[in-house]
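Heads up, the next two complexes both have chain A, just with different partners, chain B and then chain C.
Coming up: the complex of A and B.
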């Protein structure tokens, strides 16, 4: 009796296993492709201090310009807008009024033909720079910033932080 | 004399992504309330929170409801936002934006903001 039950079990397992191995199994690979904008920070910025009353991201002043990359997957769907800092988000107590200047320029593009006019067609409103992203791919932007303390007074010692704002806006 | 100044601290490449480009409003289970959904990918180590906003064509903020207007999104993670809006407000809604919230302590120095558009 026990042998019969064991035999039935073995046959059942074998049959099930055999039929299972014969199954065709569909493995789905799915994707949803939607347009999107990606803002990446490629290089972080650093202010250098060429003299007591000036902070600058220029390499000649000992600083480093932040670099952002913008990737878009749809052409003519986005514009990108960069606003350099106009104040410190954190700093020691300041001893005078600080004047900020800033600018953004294209550093590199992934499509030399389709993105050739980005810098030429840039719209500058004050210190805000706007680029219309007419081609798909990546574009790299470098941002300069200078802070000058009023009356040529020395900046107080401490840590200073300021932000560039990068906006990618659907058209 | 010149002993301070470090502005933006060092990290690898960091990214903020939002999709879709053109979201759409669909009716919700509540009368006169419409719903849309956007997705954010956070690959910024220096960002833990994103602020969501709905704006008109002039970027004036509009009232809307979502679970968290300021929501934590883990590094290298996606987050989906369901956004609800009143039918009367919906006609003015033009943009939905996500903005990275930086801390002064550890930061790349770049605030990223991405706006998708509702096409009428």
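Coming up: the complex of A and C.
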């Protein structure tokens, strides 16, 4: 066993300086940033089953399109991006590869002049749709989704859930 | 406007919500005006949507907040279209409040006598009609339906008995076949049990071995010379280590 003892010299150094007094004041600048872009679900969607191997949100297929509402309080500050589902978040064990298709369309606006062009100016990248929110107010978007089981095989019975992703992105 | 707004005292409109879907070609000019006449002249409310150069088919939903405009100033409402195009599914909803100067104390918690009126309301004994199922024609009809169900149940029971007899007959045959196997398994289990009992029955002679030495707590002081011993051991160790670096003469 080795023990080493170290002696440490402590030198106290004091400095002297002339005493000076100074006054300082912190001037606050505060800001409150509220949610300028709010996404809310207006209507939940449901899949209808027009045949054994297809699930669809179209009302003609017995489904219900989900509707999203986006409120912005600043114009030209945000874009909203919608990504339709490309897989089920929950489902029974699938027996084949499922192909997803999806789309987003503007359903309603709160400003005719500023928002009526949203659908025309939509940027589509694959199934992802982006809208530039150029006016303040509310806009409603409806989303369609279709899932088709491979080989026209029937979907296994059970509960299925899929999600549309909505993102508000600052420009 | 009297047909739309209710006939309450001191009613004032504080908001208008409207929606419609324009039908038009993008290139066409179109103005849609949602408005209410003012009996004193002009319009008490007017909102214009300019769809010129905009595509149709997109519903508009608009909420306009107002500062409590008295009902008397609200004349007939209309939606007019200027330019080329039409509208579909129009709807206008008015938001309002009213104050009838406490015509009844329950109108408003601030009305005099509100607490007493509420107390009276709570005390009020309402007559509860007791439902008599025997006098209910629907219940009688249900009773006959129950009879039918009982008969159906009896028939099902008879069928079940037949099925049970057949099943038992089959079971008896299968039991005969499996009987010898079950017997042998039972015997095996019993033998195992007997064999195990011989182990369980054995006892070892022993008892309790109590502690014979008891150490009483005492104060054990530190060894004052341990530090010197430790240092001497360290020095010896260092010396031995340093030996290997010395030159051999």
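As a convention for this text, the second predicted complex is superposed on the first by the 136 of 171 C-alpha atoms of A that agree within 3 Å, B and C clash if a C-alpha of one lies under 4 Å from a C-alpha of the other, contacts with A are read in each partner's own complex, and residues count from 1 in each chain.
Keep this in mind: a contact is a pair of C-beta atoms (placed from the backbone, for glycine too) under 8 Å apart; a residue touches a chain by one contact, two chains touch by 3 or more.
Small disclaimer: the values here were computed from a predicted structure and weren't measured.
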item: Simultaneous placement of chain C and chain B on chain A, clash or fit; value: fit
item: Contacts of A:74 with chain B and chain C, given as first, second, both or neither; value: first
item: First (chain B), second (chain C), both or neither touched by A:140; value: second
item: Contacts of A:113 with chain B and chain C, given as first, second, both or neither; value: second
item: Which superposed partner A:170 touches (first chain B, second chain C, both, neither); value: first
item: Contacts of A:49 with chain B and chain C, given as first, second, both or neither; value: first
item: Chain A: partner with more touched residues, chain B or chain C; value: B
item: Contacts of A:127 with chain B and chain C, given as first, second, both or neither; value: neither
item: Overlay on shared chain A, then closest C-alpha pair between chain B and chain C (Å); value: 16
item: Touching residues on chain B, where the partner in the complex is chain A; value: 1-11, 13-22, 41, 43-44, 95, 102, 104, 107-117
item: Touch list for chain A against partner chain B, complex; value: 34-42, 44-49, 52, 55, 57, 63, 66, 68-69, 74, 77-78, 89-90, 155, 157-171
item: Interfacial residue positions of chain C with respect to chain A in the complex; value: 19, 22, 32, 49-51, 54-55, 58-63, 230-231, 233-234, 237
item: Chain C-touching residues of chain A, taken from the complex the two chains share; value: 1-3, 106-113, 116-117, 119-120, 138, 140
